[in-house]
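What follows is a group of structures, each given as structure tokens.
Shared between the two complexes below is subunit A, which has subunit B as its partner in the first and subunit C in the second.
Then we have the complex of A and B:
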């Protein structure tokens, strides 16, 4: 495990907002019947949180859960807890039709923070980042410029962007371009 | 002459002088000037030459509609052609040159076209350059290209940066004139989230120039107060220097924000393209004044009456000392008054209406102006500058009554609402007889997904032209939009604008009405594309009845200004020639953008290193550091080979193959697609997806499978591993991962939605490394760990999870090279460390990586097919002799029925075989196998083609696979492949498996 490294090894850049790679994060794709009792129980056990509603994120004592599609969730845990959580959920979902897969290594995570964060993201994703439309418990599966990505809000006003690991450099580069000084929009 | 006045200039900061250059000459202007106003202030009336006849041209308008005053702007990386002087804000150090002249603006050789204009009528391209065909390329095109065209193409990399911005509003108002301000205020007060954008740097539109009072205060003060009110509203965003470029389906609207054009030294993006979703759009885009069509109306000094007024009031610049005003409406009288107030002379006002104007005309007479009713201009005199006008009766044929000396002409043919944004998405127009213009038909608005209107017009853009009506209409538009966006509106009374009675205009499409051919040939409709009244008449005479056809035949309205001035005049002339009412002719289509937007703004951030995403494996950095020569595979870059020092690519490939065949090599196979398919019906599902039987695969085993589309054609292949009773892991080709995942989901979601199967694309979760060659096992064993990778412990076509060294690994005993081979997947974040560990452990065996070319050659030596080489979307598995991979026991699979069609089952299909040249050479890529005789087109008949062809280092000769009529039945035949030099090369048809036919090497 000591050899595990994130895609860009914690790289950071500061313009009118700050962009940084957060390092490895545990992520688990869960597909199944989101309305079932079994799923609610499995999610509760593994994360302490409830199954999130459409485009929402819920948080428990152990992990957060994000809505990804009508039959898909994303469980976000500490990187070293991922395999254990997968086993736990598989155990809890035994007997029901579901798919639980560890995708922690397939992803890169970036944090965007600072006053202009919403403007930075609005340059790259066709998402309404207005305060009233996008809060700390919201997630959008969208794109960052030309690649798929998801974005959620944090309680401290920062945002996290997840993308595929292979395009981590691209996503970091477009974020860097977007936070360059002089590019302040002053909109959100 | 045109010059700077001591009065006027409300937008100028006269305390701040700026210096700029035009055609190398240094000029000065003031902060607040446009380039056009500053050039006028320096008596530079002539600003360019026309497209076709190279006639001298001066500025006509004062805004976005300007057709003539286009310049090449800036230099080097800041160079941009076709920039309108009228919308370019002046800044210190601006450099520009005029366009379409050679050798100079003052003396231009191309003007000879002007003297042979008779030979260049409408459609002359079509008429002249018909034959011979070769002459087009070698004679006509070079000449036309040299003489035509406006700006130059930039040669340097764009030095600026650009970006996009996504935003969402309830109501977007386009146009910051008084109507737009009212609409934004009304919608804002209703609680809507509003964006108000204005293309210029100033609010209020042309109301301050036209003057008047609102609720008893000067309109300027009213504007300032309203802007202040809007700025104080949290739910309203105001953006100037931002143009509404286009309106699209479902309330999508583009805003083109010009951030640093007026101050290029500012840090930051030059343009920002706002990609906006709005519930409702209000177009408060104003109106554009129409020119009049009289002979010589393009001579520098002939301008729109409103523009002349703008230059005086806004920029303190006169366009001439003695100005003849010619019009068919009352509004133009305002220009005469403005000229007089600022000390300029108006020798005559020619009012084309037989009965003249109303209150404004009376006032003019009272002030001592000479006003001539029913008169017009027979022709303008002058060349590079107006020297006078010849007056005639509007009702006649142009007999000259009098000549009057002047150095400028202010013309007005009435006003046309700017309906572009309304029309972009299907808003319809109606013909307004009283004002002689097309205006939006509020009953036929652009509609959204729900069938409801999503665009509403405001102010002059709706049709009303008087201040009072404009304010009322603006307010109403804001209320309508807010209500449609779901807000409760309490209707308020609009502020009252001062209203003067105006006499109605009388349409005037040609001046004089009976102008003969000679005059018509000098009466311009489209300045920028040099289209005259005579051209449109000729088109009509030649049978062009549709306005769209006439547009293309004559090029009317096809220049960079898209006919903002010429459109209505042109179709009125066409209607007249066709003897039909104007509404029967209709307009051409209005398409976005409203005015040209920069290519940079369209590209946004996508340039240089972020032009396109590049996918990198976790080992990519190592490849780069070790001299890999990359090839693109999808968005990945995969190493083609790893040349050392001055080694050629061919030598590197040879070395990599020999090392792998003799000892051990490494391949970064991380890019291969990996899709988990899980559920009680997973086996049944995969039986449908693959031609093979997958449901019988044992847990712990692997099987190579073929995937066809529903037409039977091969689309992907790969190894499927059964992980447990319910779970399979499907490998796809590198380029197929996303496509095949989507393909699976398509079938699951749309066709077999009741099957219990889930999929997940886990391609990037793993770094996958192939350890290949006789010493592969030794290298893995050296790493240690608990996994038994012996022949018995992990047999050929088996997989296993466990520790290899410290790594969490899944090893597959599969081989694409024919050698002993393990493909080992580890979590991607451990990929690079695992690669390094393998290199270290393999050092004693001289381990080295090999690239995709070595991979290709080795698989071809084994006769393995490659999707994209042996297949091209028209090849079925049977063509490749792969009947063994098609289950006969299955009731169905995708492609099964298609493969039973006559043509698919025909013995005449070209089928796979191997080829060896007699001389050992390599058959060229793409070569065909020639046959006797020729086809109906006189081309040589063919009987097959090569699909893979390589030099094989293992066999030291050229080897190839290909498709040939008869396939393997042709074994032993000698056929001929064509070569690029026209000759052919003889090759023998052989078994496509060139190496280790019995598969002993991979099974040790």
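Then we have the complex of A and C:
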């Protein structure tokens, strides 16, 4: 198999906060009835996490699971674990109406860290990034400038942005503009 | 700017995160229907001054379609509700009636 590379090869930029591409990440789209016993069991065995509540992210020993829509989850694992996790979940969901697909190579991930991270994102997305409205383990699907993206908060106060790989350069460029020194807002 | 709450993910989404999808509660007339019904299904739309029921999609969010009841004159939003319904729920109708007594929209009032 050919050597896998991430969209922008770990590019980074530092202004009043830091933006970096995090590199390869395993991502699995899971669709099905999130309230069903089968789904809860499949998610538990494959990731060690529970099925997340509305707009939340749960973490297990093997992977994190993010709520994407009323019938969709995103499982985030190590890149080389993705295929194994897909087959494990397919096995566990056998017989129920569900879809599990490895979308790792279709995505890019950026991390925004530093004091002004909330401002960096708030400039680009129509989302309330106030501390009490959006914290660790929250996920929000929205747009970054003109393209769809999802953002979640990490425990260390940084944020991760996922977008389609085809628009990775665009998203990095707008994040770069947003994070430029001199562009501090000081709102959040 | 119009802000609607998506009934599926609970987000208060502003207009640029949504996509307008036309009129709500259209009854489809497909194969074997008569021409007049098919024509009205395809082309005849309400254009009210006042209460309007619309379909929206949370396009950059959870991706779901939902319905919204609002006024085209005051831009007031009476509420949003699930798309898995053939008519507006009673609480939405009550909210509209509280503001605009004797309203009607197609067969609903």
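Going forward, the second predicted complex is superposed on the first by the 186 of 188 C-alpha atoms of A that agree within 3 Å, B and C clash if a C-alpha of one lies under 4 Å from a C-alpha of the other, contacts with A are read in each partner's own complex, and residues count from 1 in each chain.
Just so we're on the same page, contacts are C-beta pairs under 8 Å (C-beta built on N, C-alpha and C of every residue); 3 or more make two chains touch, one makes a residue touch a chain.
Just so it is clear, the model here is predicted, and its values are computed rather than measured.
J.: For A:170, using the defined touch cut-off, is the partner it touches subunit B, subunit C, both, or neither? Pick first, second, both or neither.
T.: first
J.: Which partner reaches more residues of subunit A, subunit B or subunit C?
T.: B
J.: Between subunit B (first) and subunit C (second), which does A:136 come into contact with in this model arrangement: first, second, both, or neither?
T.: After superposition on chain A, A:136 lies in contact with neither partner.
J.: Between subunit B (first) and subunit C (second), which does A:11 come into contact with in this model arrangement: first, second, both, or neither?
T.: After superposition on chain A, A:11 lies in contact with neither partner.
J.: Once the shared chain is lined up, is A:50 touching subunit B (first), subunit C (second), both, or neither of them?
T.: Neither partner.
J.: For A:123, using the defined touch cut-off, is the partner it touches subunit B, subunit C, both, or neither? Pick first, second, both or neither.
T.: first
J.: With both complexes overlaid on chain A, does A:32 touch subunit B (first), subunit C (second), both or neither?
T.: After superposition on chain A, A:32 lies in contact with subunit B alone.
J.: One more residue to check, A:69. First (subunit B), second (subunit C), both or neither?
T.: second
J.: Using the superposition on A, tell me which residues of subunit A are in contact with subunit B and, in the other complex, with subunit C.
T.: Common to the two interfaces on subunit A: residues 126.
J.: Would you tell me which residues of subunit A are touching subunit B in their complex?
T.: Those in contact with subunit B are residues 3-7, 24, 29, 31-32, 71, 97-99, 101-107, 119, 122-128, 130, 133, 145-147, 164-170, 173-174, 177-178, 180-185, 187.
J.: Going by the contact rule set out above, which residues of subunit A touch subunit C in the complex?
T.: 54-55, 68-70, 72, 126, 140-143, 148
J.: Quick one: in the complex, what on subunit C touches subunit A?
T.: 8-11, 13-14, 16-17, 60-64
J.: With touch defined as at the start, can you tell me which subunit B residues reach subunit A in the complex?
T.: Against subunit A, subunit B makes touches at 161, 163-168, 193, 237, 266-269, 272, 275, 277, 604-606, 609-610, 612-618, 635-636, 676, 678-680, 756, 758-760, 762-766, 806-807, 827-830, 832-834.
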